Amino acid sequence: MLTLLLPLLVPLLAAVAVLAARRPGAAARVAGTAGVLELAAIAHAVIRIHLAGVLQAGPYLRADGLSAFFLVSIGLVFAFALAYSIGYLRHIPAGRFSSPRWFYALAFLFLFTMLAVYLSANLGLLWIFMEATTLASALLVGFYNTEGAVEAGWKYLMVCTVGIAFALFGTIVLYLAAVRSGVAGPQALDWAVLQAAAVRLRPAADLVKLAFVFAAVGYGTKVGFAPMHHWLPDAHAEAPSPISALLSAGLLNCALYALLRFNAIVGGALGPDFSHRILLGFGVLSLLLAALLIVVQRDLKRLLAYSSIEHMGVAAIGVGVGTPLALFGALLHLFNHSLAKSLLFFAAGNIRERYGNASLDEVRGLAQALPGTSVGLVAGGLAIAGLPPFGLFLSEFIILSALFATGHYVVAVVVLASFSVVFAALLHHVQPLLAGVAPAPERSFRTWWPGLAVMGVCGLCLLVLGVHLPAAFSRLLNAAVAVLRP
Amino acid sequence: MGWIDAVAANLLASSAGLLLILALLMAATTRARTCILLFGLQSAVIAAQIAALARLHHFAEGWAVAALVVVVKVVAIPWVLLRITTALQTTPIAAAAIGPTASVFVGSGLILLSFAVVRPYVAELGVDPARLAAAVAVVLIGGLLMVTRRKALMQVLGLLVLENGIFLAALTTTLGMPLVVEIGISFDLLMWVFLMGLFVFRIRDTFDHVDVSRLRRLRG
Amino acid sequence: MTLAAPLANLAQWALLLAVAPLLRGLIQRAKARAQNRRGASLFRPYAELAKLLRKQDLVPDTASAVFRAAPVVSLAAMLVAAALVPVLWPAALLAGGGDFLVLVGLLALARFALLLGAWDGGSAFGGMGASREAMVSALAEAPLLLGLVAVAILAGSGSLAGMAQWTLGQTLVHFSPVYALAATALGLVAIAEAGRIPVDNPATHLELTMIHEAMVLEYSGPSLALLELAAAVKLSLLLALLAAVFFPWGMAPAPTPARLALALLLFLLKLAAGAVAIALIESTLAKLRMYQVPAYLGLASALALLAVACTALIR
């Protein structure tokens, strides 16, 4: 019981404690301590889940292999983002809701909501906390209070809440289908019960199809599938860089997790074809659109945001193929993408602090001004383009081989073509940044070495995962895949 | 107590007409305050529906949900929104992309559309077609409000109306979701209204207007 | 006993005519109370009519016979229309199949006569008021007709008496969406047709705001009395129409004296309620600007259209 509650309680208490720490520097110390505690709590939970298979705490909290995998992912990303932001926030001007105290408090609240999504046993609770993630992160997106930030925050709140309303409708229709098929009232929202009783939902096939379509559109908005993606580049670009990392590497995974749960239930009820086709469609569309739009980007963080859309599309394609191999590849891809995107956003953060903006047209002489950061940028860029020896190459290779194995030749060709386009575009965009002479900085800036260390750890993990999957990690992934394909 | 049950059943059947009228009036209104009051009225009708259902089907959770809807959607959210309109002090005539007459006719078209959309499901679900069509119509008119109104606060109202419609659809087909879920959804909505209010003020302070159709800096 | 029905019809027609100025007085009194004044006597409009009848009838030099005939035609049309509305029991003096169309036609005839008379008077105000009234009535005609058509389809009868009879058979609390929509539409239109706020202000004489008052500006003496009476009868007719079609409960099923007396009492109560409602609306709302009136009537039209569409969709 406590095992599952602890990772949820620590961020809440941390948020309150950080808000109470008014002395300068105290907030960062409290946040750092809380971050370490949280990491320990998550690690403890993951180990217990691995030993027990499924952990249940009361009627509303449950964690299985899939939850454990995502817990590891979000735990790592949050730890990295927190470590980076302690140095990043030195230069934030204080304002209403804009001080470091509020940043840490909101970040911990954000973590709480995402963890609650992963630990919910009930589709209704999952929806509630998914909406809560939007609420918790909106103030973080609009943190800088500039024109762009306010507009991005408004669009983010608006579009994501509309999308989530569609997902609510889908949840309700699924609940209706379950109730009419004889599943008892409060249990009809419990995803374990629904997955086990999926075959009984077959007579209500029309309702289940309607439910999945609405859930796919709704949660797909939060994942960033095209054509519902318009909020994503704005929100991820205008947010402070550690928050962009949390959004790209944490929140998008969260939304895809919701879709995975729905997919498992609907696949069990209707057979795999319907839901897989929808996911494949969204995945291909997102991949194509993102790859094409990356070519014309003029801002580094917007480029990284479109890259997130692209990789979410790739993961969706993996889930859409549906074989155990493809699912393994998709989950591995999500993990690798989180690491690489965090690395890239941290580098972008350093660039923004040094140059005052992250515009691809104006930043020059990076190799000379910020040598550590430029190494991180290049490594991250190569990783995100899918080149060996980084981890993304391995996961993309697995997904591609699954595509060929199941006969989706056209999709595989589209995927390969998109990857080539993205690789060329990245080369074209990143290379001018490194060469040339850097203009003088607006204010004195020294790279904070723990931030660089965090970037280094990310890169190292990517390298390791690209060469050899550690046995423990493999077991974690296999347990997650087993939940989706029993 | 049979006549109370009869009254409840009749009220339930009549509520569809009331909701359709309120939805059309919302499409016709140009002032934010009127729209907020109409939203409060609509939520009150929905609360009455829940109470009638709780009475007729004898389930105690329904009373709690009805009380929740009254507290959150009839009192709290309209109060917050009215406070925001007072504090904003912008011109009360909310600019819209299409005029009130056109809005009303598009709204009527949407209501007819919702009747058509609902038809194939009515036989299977065994519900009153007027009530389900009213729910879908409220959703569609909420969408209309969001798309055609240019002031930030009217978009907020549009989404609140849309959520009302989804809630109504859940009410008509099942007897609503479990209480815990309902409480969570209401809390989420209240928090969302607070945050939107915060952002409306930020937009006003940063841009000196609240016309969201002019927020076009970020493109591509 | 066969005389009971025609006697009852005659009585209710006379009632509508007699009560019309009282209704006006009641509205004025209620408005005064709402504005924290004592207000004039309830029977003041009767005194005003009597005063006007004693005065001299001035006719402009440029006016023709149309000017003199307009008040007479207007009042005559109103009197005939009043004979179509069931008040105390679901029948009327001139009731017949399709008589709601006749009612709308008679209202249009009265309005048309007044329009012509106002033009013929030759003053600028008359022409201006006439053109404004033409705009309002052109837009108000459609929802009036459509609302009544919707109720006619629902009731399965083309006569107002038939509609009242059908509604009597329904319960107060269970009304179909058609009903609610038609009631709202006709309520909005009644305000427009009767020339009350928010469409027209019956107490104003400002050039910017008057519609009906502009048309009767040139009239004096007995002609003005006839026009004022016609306007009062129009208001009481519309309220009686709304009460008969949408709230007829209390009407006598057969013309027995006891039930008729009860129906009379309830009718007066309904009329009073309508008067107070109009007074409250007039005290709280501002008159719409002229370019907003089409939007107001457009809303009524949409509601009425929906009512008709719903008769097919909801069975």
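In this document, chain identifiers A, B and C correspond to the written order of the chains, with residue numbering beginning at 1 in each.
One rule holds for everything that comes next: a contact is a pair of C-beta atoms (placed from the backbone, for glycine too) under 8 Å apart; a residue touches a chain by one contact, two chains touch by 3 or more.
Keep in mind that this is a model prediction, so the values were computed, not measured.
Asks: I need the common contact partners of chain A and chain B, sorted by label.
Replies: Where chain A and chain B might share a partner, there is none at all.
Asks: So, comparing each chain's Cα centre against the centre of all protein Cα atoms, which one is closest?
Replies: Given all protein C-alpha atoms shown, the central chain works out to be B.
Asks: Can you check how far apart chain A and chain B are, centre to centre, with Cα atoms defining each centre and the answer in Å?
Replies: Each chain's C-alpha centroid was found; their separation is 32 Å.
Asks: Would you kindly tell me how far, in whole Å, the mean C-alpha position of chain C lies from that of chain B?
Replies: Distance between chain centres, rounded to whole Å: 35 Å.
Asks: Suppose each chain is reduced to the average of its Cα coordinates; what separation in Å results between chain A and chain C?
Replies: 66
Asks: Enumerate the contact residues on chain B facing chain A in the complex.
Replies: 121, 124-125, 146, 152, 155, 159, 162-163, 166, 169-170, 173-174, 177-178, 180-181, 184-185, 187-188, 191-192, 195-196, 198-199, 202-203, 206-207, 212, 215, 217-218, 220
Asks: Which part of chain C faces chain B closely enough to touch in the complex?
Replies: For chain C paired with chain B, touching residues are 171, 173-181, 184, 294-295, 298-299, 302-303, 305-306, 309-310, 313-314.
Asks: Where on chain A is chain B touching in the complex?
Replies: My answer: residues 60, 122, 124-125, 127-128, 131-132, 135, 138-139, 142, 145-148, 150-155, 157-158, 161-162, 165, 168-169, 172, 175-176, 179, 185-186, 189, 206, 233-234, 237-238, 293, 296-298, 302.
Asks: Name, in rising order, each residue of chain B that touches chain C in their complex.
Replies: 7, 9-11, 13-14, 16-18, 20-21, 24-25, 28, 99-101, 104-105, 107-108, 111-112, 115, 129-130, 133-134
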